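Okay, so chain A shows up in both of these, paired with chain B first and chain C after.
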Partner chain A sequence: MNDRIIFEDVSKFYGEVLGVNRISLSIPPGITTLVGPNGSGKTTIMNLMTGLVQPSNGRITVLGLRPTDAELFSIVGYCTQFDFFPRGITGWQFVFDSLMLHGMEEAMAIDLAAEAIERVQLGEAASRKIAGYSKGMRQKIRLAQSIAHRPRVLVLDEPLNGLDPMARAESIELFEELGRQGMHVLISSHILDEVDRISDRVILITGGYLIAEGNIHQVRQEVHEKPMQVLIRCDHPELLAAKMFSINHCVEARLHADGKGVFLRTADIDQFYSMLNAIAAEGLVKIDAVAPADDDANAIYQYLIGTEGGPS
Partner chain B sequence: MTPTQLAGRARTLAQQPWGLWCVQAVRLTRIELRRNLFSWRATWIYCLAFIPAIIICIHALVDRHPALQMGEDTNILAGIVQLYYIRLGVFFGCLGIFSRLIRGEMIERSLHFYLLSPVRREVLLLAKFAAGSISAVCLFCSAIIVDFALMYAGFGAAGRDYIFNGPGLGQLEAYLLITVLACLGYGSVFLLLSMMFRNPTPAAMLVFGWETINPVLPSLLQKISVASYLRHLMPVTVGANGIFALLTVETEPVSGWVATAGLLVLIAIVLTYSCYRIRTLEIRYSTE
Partner chain C sequence: MAVYKRNYTVYQGAVTPPGARVLVLARYAFNEAWSSKITVGLFIFCLLPFIGSLLVIYLANNPVARALIGGRGPETLAIDAFFFLRVQQTQSWLALVMAAWIAPRLITFDLTDNALPILLSHPISRFGYVFGKFLALFTSLSLITWLPCLLLFADEAYSSPQPWAMSNLHIATGLIAGSVIWIAFLSVLGLALSSWVKWRVVATGVIFAAVFVPAGIGAIFSAVLRTKWGLLLNVPIMMSSLWQRLLGAPEPQDGSFAMPTLAIAIMLSLASLVCLGMLNRRIRAREVVRG
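Take a look at the complex of A and B:
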């Protein structure tokens, strides 16, 4: 069984409406973020992967299994963004019933359900009916249900929606841990700043088309028409900015609010770094730290998809 | 198909995880039963099933029961089963129970939880059908048993004699068989309709019309109907009256076994097609 999620030239049309068009992906283990505006096709990609909708064209395999294979769901957990549950059910029943459908022994289902509920820190609320849950609790119980059977692929559609900052941080920590364990974690989220920190790669889609895919830094470097921004922490930021401008390698400079750094924008990052090394070697400026300031998913999203509305 | 191919197919079938499917089907059925039978939303179906029992009970308490009237009451009970239960009670009860199994969950946006579990979709459908059938059969069969008991309770010793030493028990068995078959037949039809249409009620009304006019259709068309098979199983004939009697086409009498087998074949065909449909079912709640 191969260890990738593969989309081969996949298209999905809802009648005459385009869902996604000719998407080809090969997703390795780790954390992958799906980024795109509303209606861009993120949920369609997730639903296609899990067989909730069928492709109009193309072929999908998840670790070698097709989405129509029932065995797929032994290795896949999908936390959808549908905020609905079977009527009259408690949180515990919701997780336990879904585990029992795997055909496992009752004792094992009890252990796994308890472990998953503990992991999302829902505690005693699990014995209450879901109808009385807050949005954040409903999100947590859905997450518990999707990880309870210890899947190898976890698909999370807007998993941070409705969570308070504390729960959000805990969830991100959980995703990070699952990613480290070699799981496939596919996340769509509009809270890019937080998800960005833990993503190994990003998939950018808009209007049903794949526009960029890969390691987040590589994707950023491929956006040639947008000069990259770098933050340099140093003792004489004004001097550094003047020097960089004089050798014509900067298109924009902005002092950091604390006056101990400068944001420099350059069209040629490789040349920029070699010049920076040269300046540092001259000893005119003492450089403390250098960090890319706009190679996060949010910035790439803005550059590639647009500035209006923001992602979802 | 060659014998080698047949043997290959048989081997493939034998290698399927039947044990796991059975376990999953039983567990799904249990979950569905909990939701079908013990829910406030099922109250109207309980009412539908037990309204005749309430009326018979009032009748038993208020009216005197001379032994001579037993034949008339037997005909009334047959009329209740054929005209109320089969035509209305079981029909609409099954519409409520079976159309909720798939379409209801799509409207409530909770069907995806089942589709995302490692259960073959055919197993899911058949388990849901089993749960719906058990619910409908439990409700309507127990209602008919209560009707039957109340109908003859007022006759005292004569009633007991009719039941245990006369044709009473045989009639009850026939009514129960008819009810079970009606639940399975209408259930399979409504389950399929609920997958084919966003709102299965108009289609169900067409089926209702078809079942109503069925006796006046040519005998070949009568075979595509649940009610026509059930008519042949009735232990007491309820004749049509008025203009309807004139239009009724009398078909050749069919033995109970043939009628039962015919209906079971009809159910199997409908369920097979439903299994085919659920394989390609998509979750698109936004269009519900």
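Take a look at the complex of A and C:
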């Protein structure tokens, strides 16, 4: 079986409204994050991937299966952003009934439901009615429902919404673990700091069009029109800035607020690091730390989509 | 970059056939319908005519009880096709009330809560989803239509001093067929209309309107064109004719227009097809919120 989710020139129109246009993707296992403003087409891509809507044009395969194949639903787990639960049921019943809908035998459904609930650390609360759950607990039980049938592909629409910092950290840990185990985890999120930390790759979309795709650092290097910014912690930032400005590729320098570092922008990061090594070897400046200052999802988002901060 | 351990275990065990999964949805829907106290209250109310009919059968077959209420003869309390026609008509119109209450609960909650994406992301088709809801509604309506009617038939068969059941088997089949046609039609109609109206109370009203408003339109049609065929839009008259024929009850001798059974069947089929088309258009996993 193919281990990739493949979109080939996929377009989706809702009547005259554009969902996504001519999207081509090849997503390997690991954690992939969809980033884009509201209305950009993130949910449409997720719906196409989970077979809930069919493309107007193009071809989609999920691990070799087409969205029209009934088997697809068995290998995909989908956690929507909508707060839906059948009224009056407990968390445990919600997961159990979902497993029954997946066609599990009752004994197996009981085992898998218990496993999933334990995995999201919902514990005793699973036996309580969902109506009494906090928003974070509702998010957890939805996540449990989506992983309970042990899918190969996990599609999570804003899974960190409403979670407190502790629950968010637990969820991220779970996503990382599933991604490391070789599952496809596809997340749409606007919490870009956390996305940045856990994603193997990002997909940036806006207005239904694919803007960029790939490893965050690789994508950043491809944004040629925005020279990369590097923060260098050192004892003589002014001297370092002067030295670096002698290089043609260095286009901007800004002292750090605490005076113990300098932000430098360069159009050629490889030459920049070579020169920095040379300056350090001279011993005129003692360099304590070097770190990219705009090599993250937030900066890429800002450069490519043009909005300050993440999507709302 | 993640290090892939590739030790994730995918479920590869046995799965139940798709039909069994539909029953899970039907169970959800049935629980949803009957979780309301109003549903239970309506159910009890719908059984009152049935209890009254039980009493009539008792009186008809018990000379002592008959003597106590004035000694009227068995001819005034005849338990025949006409008696069962009245029972079936009463129960069937009560079923309309029940359907108008339950059907919106089964569909509108899912639509307002955007539940379809999560439900249809399971290995269950749109047809399976609708069929599960249909089963729940059909079962609920069965409890107040053909099941109590059959109980009355069985009671009469047991209570009658003469052999009665075998010579009146057509009544039993008529009761089942007439009720099944009606509640199947009501179920499809109720689900289709509920899928287009997000407000439950409005959906209830629309279901009543869908049954009675065309009757008015049909009457206008008949008056303007000086024809009797406008009656084909009159669901109450159409169904009464059908039940009458299925039970073998005497036709009215007042010279009124007798609709051909084929025409009734075509009208009911057309209306059901329109309802299925409405469900097909509405029951989709597509989310209206894009982001």
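The rule is short, and it goes like this: the second predicted complex is superposed on the first by the 301 of 312 C-alpha atoms of A that agree within 3 Å, B and C clash if a C-alpha of one lies under 4 Å from a C-alpha of the other, contacts with A are read in each partner's own complex, and residues count from 1 in each chain.
Methods note: a contact is a pair of C-beta atoms (placed from the backbone, for glycine too) under 8 Å apart; a residue touches a chain by one contact, two chains touch by 3 or more.
Bear in mind that the values here come from a model prediction, so they are computed numbers and not experimental data.
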item	value
Partners on chain A (chain B, chain C) - clash or fit	clash
Which of chain B and chain C A:82 touches, first, second, both or neither	both
Winner by number of chain A residues touched, once chain B and chain C are compared	C
Chain B versus chain C as contact partner of A:91, first or second or both or neither	neither
Chain B versus chain C as contact partner of A:68, first or second or both or neither	first
Touching partner for A:151 - first (chain B), second (chain C), both, neither	second
Chain B versus chain C as contact partner of A:136, first or second or both or neither	neither
First (chain B), second (chain C), both or neither touched by A:105	second
Chain B versus chain C as contact partner of A:55, first or second or both or neither	neither
Set intersection of chain A contacts, chain C complex versus chain B complex	14, 47, 50-53, 70-71, 73-74, 76, 78, 80, 82, 84-88, 97-98, 100-103, 145
Chain C partner contacts - residues on chain A that touch it in the complex	14, 19, 29-31, 37-44, 47, 50-53, 70-71, 73-76, 78, 80, 82-88, 97-98, 100-105, 108, 112, 145, 149-152, 176, 178-183, 188, 200, 215
Touch list for chain C against partner chain A, complex	1-11, 13-18, 20-21, 24-25, 28, 31-32, 35, 109-110, 113-115, 117-124, 284-287, 289-291
Complex contacts: residues of chain A adjacent to chain B	14, 47, 50-54, 68, 70-74, 76, 78, 80, 82, 84-88, 97-98, 100-103, 145
Interface residues, chain B side, partner chain A - complex	20, 23-24, 27-28, 31, 35, 39, 41, 105, 108-110, 112-121, 123, 279-280, 282-285
